[in-house]
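Following this line, the structures themselves.
Both of the next two complexes hold subunit A, though its partner changes from subunit B to subunit C.
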Partner chain A sequence: MSAPSRSQVLSLYKQIIKNANGFNNYNFRNYFLRKAKTSFRNASDLKDPVAIEEAWNTAKQELGVLKRQSVISQMYTFDKQVVEPLEQKHHIRS
Partner chain B sequence: MLRSFTRSVLSKHRYSEVLAVRRYATAKVALDVPLETHTDLQKAHQDLADARANSSEAVETGTTALKHAYQENTGFGTRPIYLDMQATTPTDPRVLDTMLKFYTGLYGNPHSNTHSYGWETNKEVETARQHIANLINADVKEIIFTSGATESNNAALKGVARFYKKTKNHIITTRTEHKCVLEAARAMKNEGFDVTFLNVNEQGLVDLKELEATIRPETCIVSIMAVNNEIGVMQPMKEIGAICKKKKVFFHTDGAQAYGKIPIDVNEMNIDLMSISSHKIYGPKGMGALYIRRRPRVRLEPIISGGGQERGLRSGTLAPSLVAGFGEAAKLMKQEFDADSAHIKRLSEKLTNGLLAIEHTSLNGSPDHRYPGCVNISFAYVEGESLLMALRDIALSSGSACTSASLEPSYVLHALGKDDALAHSSIRFGVGRFTTEEEIDYVIKAITERVEFLRELSPLWEMVKEGIDLNSIEWSGH
Partner chain C sequence: MLSSMLRGSSVALRTVSARSLARPVGVSAMMSPIRLYSSSLNKDEISTRIIDVVKAFDKTTASAQVTNETHFAKDLGLDSLDTVELLVAIEEEFDIEIPDKVADEIKSVGEAVKYIETNPEAN
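Then we have the complex of A and B:
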């Protein structure tokens, strides 16, 4: 595969953010949002095509994990955390 | 209508394979049937009320004090902030993702080598073993799976001691070890072994000269933990390893709190045996491993007899789901090492500085040789357990989970030379991968407020404020 285009990367990033936001668990949601931000920022400096493709594939695999796990997180829910405002609406995938 | 119908049927047939790969089965799960689990905020309160009802003294003010101290934050959730990472860590969703397939389809026995069900799980088990070995620069054959660090510690201490009992009868360990090492060593006393419990200095570190002097010709094993579970102190592994190598005794380390969190290289540090736990690295509970050096070979007598799995050292069918989850957790610890370390260090510094800003507080254990994710702080003139009762919105512990049922002060802090009062007033904070900055801010604020509140109630604190030296008071009834 040739290097992913800018729009492809942005779209993947958006999807990862969307799915990370889907976590019902406060800690997991924040962790994956933080991780997505740092790993995409780090990957933006990559020049080597092999490294780019590796980062691209890892991110795609991670998106799969996030899609599955965020749904599971919504199926088995717990009360909100003490630092979490109650009215905040969390994105639920339709 | 008809056309679209046939088309959809056709396309379903034709592209089912492609779709199966691209589409996630989760896309259509019923999200209207979630299983909700509510936080139990009443348990401790009820226990306390029961205890009060049974005791003759009615402590009316205590109850109101608790009510006051327990912050009712309307508009926010009720689930406590988890800051007890030394007891256990939350299972990483990526670990769960790896484990789920073993509960849905990959159910083969990894030791069955006559069919593909066995082969596929065996392959996954070996991949996991590789990930676990990689993290400490070990060979894949040197990892033995056990049910947890307690079993690993027992297998190592008892196994090595029993194997070499004809020629050697001396075991060395320290006073700050985890209960399972201390108890295993004590059990070996009944089998005729001589056990030396090394003292530690006020920083929690072992004196290397004393260690060297204690090793005798009949010493078979030295067991010293890498990172302490209560105070987070890191022992000088490399130096201890070098001494053990020089004196030709086996070096076992309890690495439950250290594995994956601090850099460990078993070859560089001359570690012969190392106990590892899965649930301290965001893996599943009920899983652990024991690293056993092959060159030069460490021999041990298995404590479990059976079908000879795991090179005969630990019989019993492996749980491939747990093994794979453990492997994934180890892989993630390696992959995320830099990011996690930086995150934990940053939050831990913030927490430590924030809490030490309260007057009459002190950090337990060495400030330099420590794993930043474990912060143990003493709040003088506040009773630790009562502070914990007042902190129902933060999940904390005053020490190891194994001993939290008893109200005895921590033996680890005693070994550091802390007095009863200070040992009673200490609390352990565990920062991990999933802790957020927001949580740390909340914790600092909550602790500051409630320590102040509890001190206001305390007659001791009044005396301290008045400048009376508490040690000069002669208490009656003692």
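Then we have the complex of A and C:
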């Protein structure tokens, strides 16, 4: 497979972020968000096509892991961490 | 006296029948499949909520003034990866999914507001 296009990379990045957000557990969620952000940013200045393809394949594999693990994470309940806002939806700062 | 008793009973009957009628109506209203599509969303509310999301985004500089005309790349200095993150945050705020093709076109606060406005599932 040749090097991925720009829109493909952005689409993969979006899917990874969305799946990482699916984690119920604060620590896992933020770990995967941070990991995705740093690895995509580091990969954004890759020039070598072989390295690009390698990064692309790793990211795709990680998306698979994320999908499975976030579903598993939703089967368990976790206590909220103190740093988490209790009311996450539509909270409008007044 | 008889007539007043009759009247009283008819009133009682009416209230009973009204009550028994009222319940199924209430239940059916609750179970009805009608969705009130985004009737509560007006343009101002959408743009304040989007601006709030943009301001809360950690790469946005605190000093930056966010308005409807704010451009993600030019005014906020976000690159394509940051824009994707921001759009995911907006998607979550409004409980929708922006298709990739549309998401590529959204490059400013105003465009995001326009898209949310036309999306019937946004809430």
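FYI, the second predicted complex is superposed on the first by the 88 of 94 C-alpha atoms of A that agree within 3 Å, B and C clash if a C-alpha of one lies under 4 Å from a C-alpha of the other, contacts with A are read in each partner's own complex, and residues count from 1 in each chain.
Just so it is clear, contacts are C-beta pairs under 8 Å (C-beta built on N, C-alpha and C of every residue); 3 or more make two chains touch, one makes a residue touch a chain.
Values in this document were obtained by computation on a predicted structure and should not be read as measured data.
A.B. asks: Taking subunit A as the common reference, can subunit B and subunit C both be placed on it without clashing, or not? Answer clash or fit.
C.D. replies: Result for subunit B and subunit C: fit.
A.B. asks: Of the partners subunit B and subunit C, which touch A:17 in the superposed model: first, second, both, neither?
C.D. replies: second
A.B. asks: Who does A:50 touch here: subunit B (first), subunit C (second), both, or neither?
C.D. replies: neither
A.B. asks: Does subunit A have more residues touched by subunit B or by subunit C?
C.D. replies: B
A.B. asks: Is A:41 in contact with subunit B, with subunit C, with both, or with neither (first, second, both, neither)?
C.D. replies: second
A.B. asks: Who does A:7 touch here: subunit B (first), subunit C (second), both, or neither?
C.D. replies: Only subunit C; A:7 stays clear of subunit B.
A.B. asks: Between subunit B and subunit C, once the two complexes are placed on the common chain, what is the minimum CA to CA distance in Å?
C.D. replies: Minimum over all C-alpha pairs: 13 Å.
A.B. asks: Share the list of subunit A residues that count as touching for subunit B in one structure and for subunit C in the other.
C.D. replies: Residues 92-93, which sit in both footprints.
A.B. asks: Looking at the complex, which residues from subunit A come into contact with subunit B?
C.D. replies: 23, 26-28, 30-32, 34-35, 38, 62, 64-69, 71-87, 92-93
A.B. asks: Which residues of subunit A touch subunit C in the complex?
C.D. replies: Residues in contact with subunit C: 6-7, 10-11, 13-14, 17-18, 21, 37, 40-41, 44, 90, 92-93.
A.B. asks: Any idea which subunit B residues touch subunit A in the complex?
C.D. replies: 24, 26, 29, 31, 33-39, 73, 75-82, 90, 93-94, 96-97, 339, 343, 393-394, 433-436, 438-439, 442
A.B. asks: Considering only the defined contacts, which subunit C positions touch subunit A in the complex?
C.D. replies: Touch residues, subunit C against subunit A: 48-49, 52, 79-81, 84-85, 87-88, 92-93, 100, 103-104.
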